[in-house]
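Each of the next two complexes has chain A plus one more chain, namely chain B in the first and chain C in the second.
Presenting the complex of A and B:
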């Protein structure tokens, strides 16, 4: 018995080291990408000037303005939105126990999009109204799914199935809205649906960062009970974890994260699904947790936004287009490598 | 065991009766209502009236296309869920919708032409290319494509293809305008010629899918048990993928991507008849057309300024029913 325990201990230590190394490397990547994001643009700024501007000692007022007022909010938003999507995906994949159980597939992103599309196409609202519409749409979808699952209890499977049904209805509504709209409104909608970080300034970046920080804290508190839930409801209950309440809380936090993220930038494709999978494979641990997917999501969105801005400059690619292409190709490569070895 | 068999036969018969009713309804209802008795008489003995023309030239081919597409989607979904052992897998997960969409958009953007025929072949080609790509990726390495691999590979490939589609429609206004109508899925203007073009592919797909039932049944016990019982894993999976590509590719080529039917129909069928893949496939083959016909008939009745696309109605009509079913019943996992 003690031998098993020791061996298990040895293994878990090894896992932890690798997880830690991967996490640090991912965070370094986020910082490097962030600095590069602050350097590049119509007005190129050296790394030294960027650091000077950030520390408040910049002697070039134009460079300081570009870095702190225009590029920093965009970089910060990319990081927090990416982290939010990664954590949200991890929470949902944990609760549903299915790699396809991400908020994109089970309808919450679709609901946020419905709210935004109603604002764009029917009400003709401005970008703040669209953001509010997306949050209302996402949370409204969650409330609807909650009411529909409540009398029978929230299990991972029922959440997924009801979510898919509600999501399919809303996707049809979205298609209908786009088909019936004028071409101009439909194109605005398509642009929003592709996700974009352009024109994010401090007021919005601050609100989003605070909201996502609070929700991330909640996700951290839920990480341990969720890990125990993976052992099964009965085991979890035996060690004092209220299974039902933990799951509901995890879904609420996940929906909050994905709604705030979608409201800020539009639906950024694929990050919520891919970030936990990528992080899990890099770290070699079965449960992705919170920090790994958050860092991976941030790196993915930040890198995608950099590529979108500069790959075909002056043409700007929407960040969601790049995350889809980049995330898709990256996941393809990762899977092919992993599977070639076995 | 025989009680179970009796129940399954009864369910299949009920399904067939409902399908017959849906066909009659589809022939009779429209902007120009034709009574049931008259439908019957006109089919047997067309009298040259305008009703007879409407029936023969418009409603009958449209109804047959709806039946064919519904059957193909239902059956392809049943195969896909069994193949990936994931109840969330729909045929779209193989990359078929994403591949078809990308090729249609590229064709419009590059060649600048459009039209049903044009869409048909490009969509089919795109569906085939995408699903072959997914299969090759999932089959990397010494192992054959496992269920989890197929699902993940399909999601990854779909995401990459969808991103390229999005990039094109954001850059090209005309391609976007064509695409937003095509992607909603429509039976408008689809008649005998379209059916003639995709019919052979559908027929081969249906035969293949039904023939694979027993082998897929064995595979639900797991890969090793399957191999021990004499199932050729790689061949069965490859043939199942081929069948899904034929069925779903042809259906998408004919009417555009129709979501949700391929996901929900087999799930409902499995809830009704249990896990036997042969019965799930048969019942899906009947329930898919019912779903499409009811959606299309409703789409014709609630005409506003323009006809509502059948893909939209299929989801709007079917999803609430689906939610009502899954929140009560425990839908069997795979």
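Presenting the complex of A and C:
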């Protein structure tokens, strides 16, 4: 039997064996990448010292400081933001029934960027204000898309088309904002747009972790009804899934996740697009779930951040630049694969 | 059993349904219908007569503009989504499965209304799925991807999913479309077995010969209204078919079953009957 069934009392959880194995392996990869991330830097620290610092028994106060105060918030944020992007991508791909239906492609990341750019360039806000601007921008985009799709109801196809249109318009707005900005503001904007984890410390990492944890719970509640939407609205409704409501809720949670992630780090390209599909293919399941894409997204962002920090050291590449480069290759591959199936 | 003695768990009263896209003209108007329990009801009628709309409205897929659908005496709109799905199942017209999903996975999805986040797979789920694949005769296919199956097999798999839902009321929307005659009969035999097993089955069919052969209770629709209902042997006449389908015909008794058999006069050289045009 390829299914694993865990039962205790009246409760039970069921999943495919391969999905479980792939999830465990991905989580191991996340832990390994995380420890490596804590070890490497200007001040190299051994794995043993890292573990000692984490467990509170470090002998070297400098190493402990580097690990717990500087590198850990960055690693935690990479994991949390990566997970958020992976889940968000999965929600959108399930709603649209399309592997290209990710928030980067259908305008929500662009909308979050618009909010942040308005803060940076027009209002001159600090980094917290920029983060709030990104969340407001993402939610604003969702409201706009909702209003534009409302007369005919939210279907996957319509969400993709309207989203691409809104995204293209907002991309033009973003370009206009940067072009019209002062040199200093334009530079700040460009840095933000590259997507970076370098400035993240505990206060922000904590806020982001809590916000994303709450949204992840909501995503878990939606996972099972969303899987049924893949059978078509009629079949889903016949087994008791309120299709329209589930779809709207999934979009809301997905927008929340991608907005919070983008507010934290700036746009990190392609993770939301790639993580759910990579995870789905590894697990061999017909539609992406929640846990798999979350772990895959975390591994991707962690890995990309390691590459960005150390590939061309001492030159630091922003994580978004690395994922952008990797993602470009992935997207071409995905399109080629989809094309061949037609 | 006479009509008056029949009990009904599913019933439409003064049902009016319209689509916004058709300028608001009602597709069904003040329609009343009681589905007899534990038998097979077949709904027939010409294209666009509203039969699929009626079936979908009975399953709460369409909102009623007026009147209501009653399930066990309670308006369907008062039910929770999963609650209704435990009583009433629907196999929609030409459903689609995601690439690569296996028969076992698909049939298991029929258990959704009986499950929750913390109770994802109970023994009852296991047994219902086993019984469903057995009844629909797809037990040998459970590990196969649905998209690799033939049309007839695929339809039986979808039926198995609806059966796994274990609803006493089961609605089938043109379950024989795109199937050849042998596979159509296979599906209808299965539907009849379900009715004999105590379920209430309601199905929309196009093929009159099959409809009359398999209907315990026939509902004939035209222009959004029910024009006749009852045992097909008692209600099907040449006049009824001509009125509903605008098709001159003769109705004879099927020598094998005694059910009505429609012989259209078109194409026989006899033309239309004299004096009618």
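Keep in mind that, in the parts below, the second predicted complex is superposed on the first by the 311 of 342 C-alpha atoms of A that agree within 3 Å, B and C clash if a C-alpha of one lies under 4 Å from a C-alpha of the other, contacts with A are read in each partner's own complex, and residues count from 1 in each chain.
Everything below uses one rule, namely that a contact is a pair of C-beta atoms (placed from the backbone, for glycine too) under 8 Å apart; a residue touches a chain by one contact, two chains touch by 3 or more.
None of the values given here were measured: they were computed from a predicted structure.
When both complexes are overlaid on chain A, the residue A:320 reaches chain B alone and has no touch with chain C. Of the two partner chains placed by the overlay, neither chain B nor chain C lies in contact with A:188. In the superposed pair of complexes, A:232 makes contact with chain C only, with no contact to chain B. With both structures placed on the common chain, the touch criterion links A:240 to chain C but leaves chain B unconnected. In the superposition on chain A, A:224 makes contact with chain C only, not with chain B.
Once the two complexes are laid over each other on the shared chain, residue contacts for A:329 go to chain B alone; chain C is not touched.
Of the two partner chains placed by the overlay, only chain B lies in contact with A:339; chain C stays clear of it. With both structures placed on the common chain, the touch criterion links A:127 to neither chain B nor chain C.
On chain A, the patch touched by chain B and the patch touched by chain C do not overlap at any residue. Across the complex, chain A is touched by residues 56, 59-61, 80-86, 89-93, 95-101, 105-106, 109-110, 112-113, 115, 117-122, 161-162, 165 of chain C. Residues 86, 88-89, 93, 137-138, 140-143, 148-149, 151-153, 155-164, 166-167, 169-171, 173, 176-177, 180-181, 183-184, 259-260, 263-264, 267, 306, 308-309, 311-316, 318-320, 322-323, 326-328, 331, 333 of chain B touch chain A in their complex. Only residues 5, 7, 10-14, 97, 220-221, 224-225, 227-228, 230-232, 234-235, 237-242, 284-287 of chain A touch chain C when the two sit together in their complex.
Those residues of chain A lying in contact with chain B across their complex are 98-101, 105, 148-149, 151-152, 157-158, 160-162, 164-166, 168-169, 171-173, 175-176, 178-180, 183, 186-187, 190-191, 193-194, 269-270, 273-274, 277, 315, 317-318, 320-325, 327-329, 331-332, 335-336, 339-342.
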